[in-house]
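What follows is chain A paired twice: with chain B in the first complex and chain C in the second.
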Partner chain A sequence: MAAVDDRPGAAPATPAPLPTGRGIELVLLAFAAVLVTGALGLVEANQEQQLTQALIWVGLAYLGLFTIAHFAVRRFAPYADPLILPSVALLNGLGLVMIHRLDLAELAQATAVGDPPPTELLSRQIAWTAVGLALFVAVLWLVRDHRKLSRYAFTCGLAGIVLLALPGLLPASISEVNGAKLWIRIGPVGIQPGEFAKILLIVFFAAFLVQKRELFTTAGRKFLGMEFPRPRDLGPLLLAWGLSIGVLVIERDLGSSLLFFGIVLVLLYAATERVSWLVIGLTIFMGGALIAYQLFGHVRVRVQVWLDPFADFNGTGFQIGQALFGLGTGGVGGTGLGAGRPDLVPFAYSDFMLSSLGEELGLIGLSAILVVYLVMITRGLRSALAVRDSFGKLLATGLSFAIALQIFTVIGGASKLIPLTGLTLPFLSYGGSSLVANYALVALLLRISNAARAPLNRRPAAPLPPIAEAGTELVERPK
Partner chain B sequence: MPELVLQLTRAGFLALLWLFVLVALRVVRSDLYAASGLRALVPGGGRANARTGRGRTPRQLIVTQGALAGTRISLDSRPILIGRADDSTLVLDDDYASTRHARIAQQGEEWYVEDLGSTNGTYLDRAKVTGPTRVPLGVPVRIGKTVIELRS
Partner chain C sequence: MNTPVRRIAIAVMAMVLLLLGNLTYVQVVKAGDYRDDSRNKRVLLAEYARKRGQISAGGQVVASSVPSDDELKYQRQYPDGPVYAPLTGYYSTIYGPSGLERAADSILNGSDDRLFVRRVSDLVTGRDPSGGNVVLTIDPEVQQAAYDQLSSKGYTGSIVALRPQTGEILGMVSTPSYDPSGLASHRAEEQKQAWTDLNAAKPPVLSNRAISERYPPGSTFKLIDVAAALSSGRYTPDSPFTAAPSITLEGTRTPLPNFGGNRCGGGETATLREALQRSCNTAFAELAAQLGTPAIQDQAAAFGIGSTDLSIPMKVAPSTLGDIENTAQLQQSSIGQASVALTPLQNAMVVAAIANGGEVMAPYLIQQIQDQELDTVSTTEPDRIGSAVNSGVARTLTEMMVNNENSYANLGKISGVQIAAKTGTAQHGADDSVPPHVWYVGFAPAEDPQVAVAVLVESGGDPNNLEATGGQVAAPLGRAVIRAALGKAP
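Showing the complex of A and B:
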């Protein structure tokens, strides 16, 4: 980025303050609040609940919560990207409305059959949202400079691995829910430490790659037009592979395993610009997938359901089958919020949020939601491009890509493009750990985008260091 | 609530949702022209360079033979000093190299190698370098026992 100083805004001749984008952020947040309140109103109307003034209070409370976050951004990261927070707010709000809508359906179902009313998920999710926003503010407050994080890289890495491995090592009574051992449940509160491990491991891996970049770029053998790394430099990738296989075997969690390996691979590619890493990574991923398919029944079931959900519609294929019918019922325009039957899909509020939204908002609404996700991710990647330090670049790439890959696997799984993996849609699905961890992730992204967009220091630029010390990256002799 | 109102609000909600998306995209668009370190907007040859240059302009210098084989240095506009002196960009530990052996520097689009009065000389491919000589991509430059070349 030699051209940084030529940018129109940074020229010393224009001392006018750079636009921070905080105003547009607040406007978009208010817009999101209007949308969410409108969605809630539609649900209530369609479910024949009473439309009361309480609705407006709910909308205002929601706006208030995000205004606090907005002021935290204004205070701690004034130049942060203006689009990320409103996108998150809209997604989270729509998620809450949808969870409320599914609560109503469950309640109606239970009263019709005569069962006791089921646990209400909405209030818990609202509590988790508040916790998430608190963590968001805390991260913005504590992490004033993302580069400082690279000092704690190995601590983060260790903590990440411990968190990732912990549920696998704990007894199943604490850690097992629905066949996957990825929880820590203490009393009524359960968290998935893997969600937090994801962020810590991204921090670790970004810092590690910046430190050891030369290892991964030393010239190796050229083969098929690509330069391949030396075999001994494959260690970290194989380690990551082993770790994700371990997660798959011990915790029986296809999603986290896939997510973790994908992030490592993309960070390696981003750091080295070498296609050969992707080729090697995808090859050993294929190998791992084949082995997993041969060895584990639950993987085999997932693949068979993916290939033909209607072969065993009333058994294993029921969930995906119903989800596909739901999407089909929604069609282009959707049934309208609150007017469909998304509750027919098991786990409609978490893994299958996509089919619930698709049924009630249709293709038009669902694609709008996907574009909102897309905006969020491109803004993250753009911060990665614009920020000046390599650690920030890799960190922002990793964090944005983690969200992107997660969305892809969930949506691919629920719409039968790829086998179902069991992750949650970030911000939309019900799930406390995912929500809170993703708020921390977004806070880090905002921190990096703040560094990327903030004006350069006005101090006169230091004279170029003598040639001897600087500039060109000197890569050490391979050991 | 009458059916018509429900249908209208349903369509209205979708329209509002897309309006949000459009406003967001508008911000993205206006932001393209604000300060954000985007290189494509820098006036001048940057863009044309990137288009024609893929595979033509040298991006890095690679040591292909000698004790430092496998080392690579990313090129920017600054010249590269090669020699045994500690302040060289590429510090050679080679008995056949001089303290300040050679310099590889950019002029315009091209990179030139120049011998700095070394004892054993600098060779571009087989020819001894006497004055500044243009270094094409992938042509070996021999300095003592070390061979380097430019790659894109």
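Showing the complex of A and C:
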């Protein structure tokens, strides 16, 4: 890029071909496909299965879907970051392999006791992957310039709050699964609206903070070397806090609560560059959590299970206890794909995908997976650094950090670092909402990274600022 | 706003490091605890998922795994449960294994190094991995006879039969026994109930008396005194000792009477041969005082008493003389009382050594290890522990034991077979209100020994029979077992 003459208006005399990174992306996608195929082979060998025709179709569907995704990126975001999509493909593929592996375990168990065969989750997850990638392509196609999104900030914000609050307000029969009210379940299809709310709220906050930045940077008192905002400017933060505590208490989910509030805080910090916001935010969050602990039994149970899952192993501590046993049995190297008993953990395919992977792939496998996530997140943050507009920076930061905070709460929860949450591992866990929503998230990240890496003359022209923001201009009528 | 974004990137890396640190704690530091936690069924399921090897004796399967239709893929079975329970032990999913199930676990579960080649070939050929099989030295006829002898009379006790030349254990029973099948149940409630019942049983059933319980050997210990006397070269079977009905223990006023307060034969003195035949306490107290503590201790050690590392492969409780601080204690020890305590297996080893020309052979239960195809992978070689007496002394002892046997009451003697033996009647408990433990040790045929036996019946086999003796109660059992071992019709 340095060699490019980017003086405004000056067309490059000799248009030097810019590396788009699409070639690298294709090679890495092929590498991910090889790894996933190898993992599938191990499962089949260890479970003494014959490769069925159905499974070959699933494999071809996987290859086909990501080929389409690759060409969509080539078409709609040719300069997008080349590492993000292969990382997603690898995680999604590994998730599919592990879901297939757990399908086999469930089937064997049902056959052994003479039950009818259980629902096969693999084909559903493949279908959700297809839906997710369709949304991915749609987002790339519809959102040609991420800056246009800020126009719909308040629509996004309203929709986000409704989606976040909806499961909490619905009756438990529709919304409660495994103790957390996170779902909207109609018939066999369940949706976790919180996953979509997450993205909508990030769009809203990024836009809101860019528009009202001054409000949050007005100096208040200095204390401990930090500038604190004026009390009257705390309003929006307190609103977010109330919402997240409400999620914690009504929806009984620490994960969504932590995720939502964490993203708001980080965006505030990124927008204002003031650490004081983090201090205030964390303080009131801790305070709220403490009060919730005192007032609500279910919050106390969660915390007690976290402190000592083995105190009530056959009751509330069973899931996390089994997960720890699985992780411990896996040890450093794991039992090998298909050679462990990850199915002993309830919800091994969704909330506890971590322990399934940790038991069979070991610490080494989990470290590799964490590195893949880290690559994805840091590439997203890198786009935030490179993109020029404030909204893009905030949006990319928020989206990247959302993934980071989500894997932190899920992995931390399943390995007893923090109390258990009801969230899923992005791209790895079984679950349609999470997968589809995260594909939309990745599409937005790719869109921003495309804007960051494209040569200037290929970048879309900056849209006109909204009327409200436009500087007042005196226009003289021609005489 | 690039500075905060960079800081956020650093924070994300810190979060990932925190996760990795915690995962390392769970999967490395705590991994062992979690893996071995009794509530973690993974190791158990993996073990049950492959076929555990069988235990057999003389072509008869005594423990095996058959496919089951529940979560644990194989069910452990014990076809002749109580007869072999002291050997097989149990294999419980809750309480763990015992007996051979524990001691030979690495063979049965297939992890033993001797099965390594098999494991590799299983891997290559894709055959289901399975454990190795254990073939016992046990002769099913001997085992069954020994069990029937004790259990049919309702005795609490133990019988051990050895092949003197090799140390092969031909029979080893402990009664009352139990059926390990209950503890192998895959239903937790059944298993727990069985465990509660078996632990509450009186007399106890889970302990293998042959190797885990120690009893005062009584007069059977006099064989060791004679061995020490003859080995010293200062005595012959004709050496004279006091025939007094009672003597006072040296340095005390405690009297030591003969059994029933009888004189030792008709004369003023009794020969060593007669003293052993009549089991005269006074004569042996005199002999022990003359020999001294070290001679007795050394002779006992030469027979294996006091060795702590004996395993068959189950661990054998070490037999002991106890502390001998003065001559009075030595005199009591010399008649198998005071603190002397022997396992039935140890007492069988003593007579087996005499039968084997004085050579002590290490007793063993596992004849062969086989792979899953029943091909022999390894065969146990007899192991000589050492020499207890020279062959001349062994011959003389045999001749004296033949003299004993021929003087005993004719209860179940076998025509045409000369047995060499010694009985024992050992007091235990604080006073004389409980019947004595009774012993019978011996081997046959005396001229060409094929089997050595030790029989122990706790408390004379009958709480009211205060007059029980080894000759009456234990000897017929021993002779029946010898008969089975020699293949003689009853």
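The working rule: the second predicted complex is superposed on the first by the 432 of 479 C-alpha atoms of A that agree within 3 Å, B and C clash if a C-alpha of one lies under 4 Å from a C-alpha of the other, contacts with A are read in each partner's own complex, and residues count from 1 in each chain.
Operating definition for what follows: a residue touches a chain if its C-beta (ideal position, glycine included) is under 8 Å from a C-beta of that chain, and two chains touch if they have at least 3 such contacts.
Computed from a predicted model, the values in this text were never measured in an experiment.
Asker: Chain A residues in contact: does chain B have more, or chain C?
Answerer: When the residues of chain A touched by each partner are counted, B comes out ahead.
Asker: Between chain B (first) and chain C (second), which, if any, makes contact with A:G365: first, second, both or neither?
Answerer: Once the two structures are laid over each other on A, A:G365 reaches chain B alone.
Asker: Under the stated touch criterion, which partner chain does A:T378 make contact with: chain B (first), chain C (second), both, or neither?
Answerer: both
Asker: Have a look at where A:F325 lands relative to chain B and chain C in the superposition and call it first, second, both or neither.
Answerer: In the superposition, A:F325 touches chain C alone.
Asker: Quick one: is A:L169 in contact with chain B, with chain C, with both, or with neither? Answer first, second, both or neither.
Answerer: Neither chain B nor chain C is touched by A:L169.
Asker: Which chain A residues contact chain B in one complex and chain C in the other?
Answerer: On chain A, the overlap between the chain B and chain C contacts is residues 362, 378, 385.
Asker: What residues of chain B sit close enough to touch chain A in their complex?
Answerer: Per the stated touch rule, the residues are 1, 6-7, 9-11, 13-14, 16-21, 23-25, 27-28, 31, 33-39, 41-42, 46, 62, 64, 67-81, 86-91.
Asker: Using the touch rule from the top, collect the residues of chain A that touch chain C in their complex.
Answerer: Result: residues 48, 109, 112-113, 266, 269-271, 273, 310, 313, 321, 324-332, 340-341, 344, 358-359, 362-363, 366-367, 370, 373-374, 377-378, 381, 384-385, 390, 393-394, 397, 400-401, 404-405, 407-408, 411-412, 415-417 of chain A touch chain C.
Asker: Contact residues on chain A for chain B in the complex?
Answerer: That would be residues 1-4, 6-10, 18-19, 21, 24, 28, 31-32, 34-35, 38-39, 41-42, 45-46, 82-83, 86-87, 90, 217-220, 333-334, 336-337, 339, 361-362, 364-365, 368-369, 371-372, 375, 378-379, 382, 385-388, 452-453, 455, 466-478 of chain A.
Asker: Tell me, which parts of chain C touch chain A in their complex?
Answerer: 1-6, 8-9, 12-13, 15-16, 18-20, 22-24, 26-28, 30-35, 37, 39-43, 45-46, 69-71, 126
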